[in-house]
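Two complexes are shown next, each including chain A; its partner changes from chain B in the first to chain C in the second.
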Partner chain A sequence: MTALLSPPRPEVATKRPPRKKIPVHWFYLAPALILLITFTYVPVGNMVWYSFHKWDGLSPAMDPVGWDNYVRVFTDERYWRVFLISLYYFVASFAQIAIALYFAVILSFSTRFRNLFKGILFFPYLLNGVAVGFVFLYLFQPGGTLDSVLRLAGLGEHARLWLGDPDVANIALAGTSVWRFTGLSFVLFLGAIQSIPGEIYEAADLDGANRWHQFRYIIAPGIRRIISLSFILAISGSLAVFEIPFIMTGGANGTRTFVIQAYETAFQFRQIGLASSMAVVLLLLVLLITWIQRRLVPDDEVSLS
Partner chain B sequence: MTTRRHWLGLGLATTLALAAGCTGGAGGSDDDGGAGGEVTGEITVLTNRTDLAETALPAYAKEFEAKYPGTKVRFEAVTNYEGDVTAQLSSGDYGDVLLIPNTVAVDQLGQFFEPLGSTEELKAKYRFVDEKAFDGQVYGLSIGGVANGFVVNKRIWQQAGITAPPSTPEAFLAGLTKIKQSTGAVPFYTNYKDGWPLGFFNSQRAILADPAINDKFPADPAPWQPGKIEYITDGLLFDIVHNGLIEKDPLTTNWEGSKPMIATGKVATMLLGSWAVPQMKAAATAAGADPDDIAFWPFPYQTGGTFHARIEGDYKAAVSRSSGNKATARAWLDWFVNESGFAGDQEAIPPAVGQPLPAGLQAFQDTGVELVELPAATTNAGKEDEIIKESEIDLAGHIYRQKLVDIARGAAKGTKDSYFADLNKRWGDAHSRVMR
Partner chain C sequence: MTRFLKYVSLVGASVIVLGPLVVVLFAAFKTHAEYGTTGPLTPPRDWFNVDNFATAWSKGHMLRGFWNTTVILAISLTGTVFVGTLAAYAISRFTFALKRLVLGLFLVAALVPGVTTQVATYQIVKSMGLVNTSGAAIVLFLGTDIVSVYIFLQFMSSIPRSLDEAAVIDGANRFTVYRKVILPLMRPAIATVVIIKGIAIYNEFYIPFLYMRSPELNVISTALFRFKGPYGAQWETIAACTMIVILPTVVIFLLLQRFIYNGVTAGATK
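Here is the complex of A and B:
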């Protein structure tokens, strides 16, 4: 036994000259790094480079213009005003998180047809955004599905031009966005809730905690990280809304978002430089907001015991 | 200058575009296939006509291949032509023959396309040669021209008591009002949601009968002043909308759906090009209505007691500068423009001088409309595009006109005067930067 504990070192090993260290770990990392650099950091670097130039995307010459593009984004009302449209989607994202959380909690307990409801709630997220846009285009048409449903419910007088009325159009679009993305938040919450060990609920039951108490003291703190993540996604998402308003209204009728404006600047007006600076501004804003939020809600280790 | 992106091609575009990047035969170096080479081998032709790429176009190709044995013509249909081909241009691989995307500024033409000959020399043979020309060199030939005006449902206008095209904007508005009162039809359909039809308000410059207008236009810092062209055309759009003569909810319009609507008389009027007439007639036949109800009327404005309608070439076809088989490409281009009969088949104006107008346009001309071909700007070549980019007022497009419709229908703040003043200011600011 003792011999096994201290085996003699094989002689060959000591005789071999010390090998040059090959940094093997780089070989394993290389594919990931190459992909990451080629498809993420180089394009971002290009974008920043373009943003200091006046360029139409085709001409071989790019005129350097310094900070002009940035000055224009911040001083010309037409460029920064479109950010205000994001507020509609931001407010809507609270509704989205609330709805998702509500259903995630309910469906994590034993409810009849639980899996069916899970499927129903998650389904909209599986649909392609373009399809969602078209479906809701028909829904919101005058005399379309929504109006018919309202009429059947005896609320016919509330029918209006859902997309044509500028006071309602953004709310209608934000509603579509909520419909689409609730499923995603729901699945995130559901997963997090189910990772909370069952014994904790049993113990809580023995202590006489009702469902509200369980939510307040077990579930909410247990999934805090996911809730915080959802808010980050919601904020950056509402700043970068694109496909739903682009497909449904093309940015007309006061529904133009920042990204639609940037798209038009780049591809309708061929001002790639200006549009790049808009994209850089958006990127910095999202980073800034994320950073502020991480400061406000520190990322503590979750512990339930 | 004219960004007419969609003609006929907007028919049911069911055929999917081939994946970008399979422009197979187009490779090769720049110089091995000069225009003097032999007409043989394979070429790739990019087209926006997804609806014809599998049917009519290969039939033309067969005729061509019979005339030039040893050649082969492959088509690559591109659904989102402008955007996709612009991206391909920067990659250097864009087929042998293609339609020039409107994103290419005139002074960039030489960068991507082969010169086809001098403007002087080609002018004698073809119409519309100066529309894609720079420095006296032509880079693209029109494959068919169109006239601009209103597609109307004659029957509905007749029900409202109007049988001849109104000659002033006021008479036109009065006519639309009568249609609203006496028929159930939508007097004017904007196609606001799809947007591009709004761009046709830019195609009416010929009404002033001024052949130099394309040169004068970019020189003017305020085209939305009373009496100027934009005031007349955009002003008419504003008044139509302001008087409630359009569809109920412009945000949910639908181009495909609008064809049967005008064919059956649910809609009375749309501003489009003459290319739309055969499509509307086809829609009428399909819907069981009378195709003869569809007529083409000029813009309601007369100079010297005559209507003037602009005719212009649609997309111009060009030979790619990076083509490896320029001789065959050039032969195809010439054959397609001169001998294929494509323009006639599409009821478009034949690009070759002297060939007869299609029947529909002949009838249009016979009502006393003078067809005007406006020369492109020469001294101010390319300036208008630059001002458009700089001011982000897309004259040939729809973005600022959608806003105009919103203001006119009370969905956005402002009045006709305030919006036109704003446009004049934005245009003027960009003008001073571009034209200095």
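Here is the complex of A and C:
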């Protein structure tokens, strides 16, 4: 930009080689841009194109079908039902955020064994998804850990097929998801709380504010942005749930999520067009939610000073 | 009273976090007969019974899984560091007309969840002939990483430009500046990216599962997943295998705790 505004310098212009060379910065950018375009933008473009066709992914012929795939996604129960499954994970994410916030607040102040507790709460986030799936398959087995604990507590009659009963299977899976991801929200909140300057608490202490007041008037406003970001991640995350239900139930007993359905439609039933239209719908939802978040919480708001 | 409740809640949460893992550890040390007769909450009779680990290690071809994971990790991480730092260098140190557009492309891409585009990405990877090779995972781990570019960009803006200028006056060209001045100073950011991306790759399931079907290409996650079918009735073997997969994470976490916290925070909030 500044080059355009500066006065022309003829001595440079005369030295310029006759053939126009590619500016050097493009060589530095090329690897990243080529990868970005090949594996993000081209797929998004292709996906929109496929979504208006009937295609098995193999044959050279693609039948244009207009909006048929989209109509099917919204009218066939098999496809729109999976959105309802997202609601379980969405509700669970409120629990996740609340638990994470509670522990982030209490572990921001002096507590015995603080680092140990921090480590324990965060640890599940680092675990391999398949390992987590197996650990919880074991937990929810008939006669497994959960049933044994219930029996010990004298609640043996509440034992049930945790993953086999469609009424509770999604709750069990969403619970697993909370176990796995609370540590991430926790660490994010912890980092945000620590960035609030300590003098503010001291001043509040002098003014006689108790812990709840401090939370209500200092911490909550101070970390508003990260809380709102967590909700956005929660919404888009609950639309894109895949690993836990796929590993634990394979989508059986009414636990099929949007991504499992799209995966099966594309790679088992080879309906690439239909699966693409599902993916386009999911992508648009995620973009819409992000846009709403940007509107509700502009970046340059929130300041403590 | 509130202090008491605070510790009760902390201990309760720790039990909920560790409990499910501990019972799996118990199961991993039990013999098949012992597993059948004792409840899940009973500790194993013999803590030195490593038969299940041996079975899991050999039947699950875990060595191959760890090897494949390591190769993919090493190549993807090295690639990410170079691709990311080069791009960040161009964006932060050069002035050019399309810069806003390039930045915008990275920004918008960060909003697209990878899991949504796999149907179409699969066709591209297939046309490159990479399906059923480790190359599929490597190019995808390289190509889908926008967060690293952000971390590099943010860190690079804190390196004073006067250092570059001094090097240029001493006769260094742009690439020498990158290699001799910028790259060594970027070490903390590189460590952050290597840690968060390394954890993500070690734990990734969808991409290897989708693109690398043949057993020889199994990584840790897919090797473990294969136990689900044939070993459905042998929980003590599955438990041992699960522990084998978790163990490296525990070790890395204990060694690098502080870096991991910082890395995750830097990666998630941009």
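Keep this in mind: the second predicted complex is superposed on the first by the 265 of 305 C-alpha atoms of A that agree within 3 Å, B and C clash if a C-alpha of one lies under 4 Å from a C-alpha of the other, contacts with A are read in each partner's own complex, and residues count from 1 in each chain.
Please note the rule applied: a residue touches a chain if its C-beta (ideal position, glycine included) is under 8 Å from a C-beta of that chain, and two chains touch if they have at least 3 such contacts.
Computed from a prediction, not measured in an experiment: that's the story for all the values here.
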| item | value |
| --- | --- |
| Touched partner set for A:F267, first chain B, second chain C, both or neither | both |
| Contacts of A:G154 with chain B and chain C, given as first, second, both or neither | neither |
| Contacts of A:G198 with chain B and chain C, given as first, second, both or neither | neither |
| Partner chain in contact with A:A252 - chain B first, chain C second, else both or neither | first |
| Touched partner set for A:T38, first chain B, second chain C, both or neither | second |
| Which superposed partner A:G57 touches (first chain B, second chain C, both, neither) | both |
| In the superposition, chain B vs chain C on chain A residues touched | C |
| First (chain B), second (chain C), both or neither touched by A:G208 | neither |
| Partner chain(s) touched by A:G66 [first = chain B, second = chain C, both, neither] | neither |
| Doubly contacted chain A residues - partners chain C and chain B | 57, 141, 144, 267 |
| Chain A residues touching chain B - in the complex, by the definition given at the top | 56-60, 78, 137, 140-142, 144, 161, 163-166, 169, 249-254, 264-265, 267-271 |
| Complex contacts: residues of chain A adjacent to chain C | 1-3, 23-26, 28-29, 31-33, 35-44, 46-47, 50, 57, 99, 102-103, 106, 111-112, 115, 117-131, 134-136, 138-139, 141, 144-145, 148-149, 152, 179, 184, 187-188, 191, 211, 226, 229, 236, 240, 242-243, 247, 259, 262-263, 266-267, 272, 275-276, 279, 282-283, 286-287, 290 |
| Sites on chain C touched by chain A in the complex | 2, 6-7, 9-10, 13-14, 16-21, 23-24, 27, 39-41, 82-84, 86-87, 89-91, 94-97, 102, 105-106, 109, 111-113, 115-124, 139-140, 142-144, 146, 149, 174, 178, 199, 202-203, 205-206, 210, 220-222, 224-225, 227-228, 235, 238-239, 242, 245-246, 249, 253, 257, 260-261, 264-265, 268-269 |
| Complex contact set, residues of chain B against chain A | 83, 86, 89-90, 103-105, 108, 111, 192-193, 195, 248-252, 388-389, 392, 394, 397, 399, 402-403, 406, 411-412 |
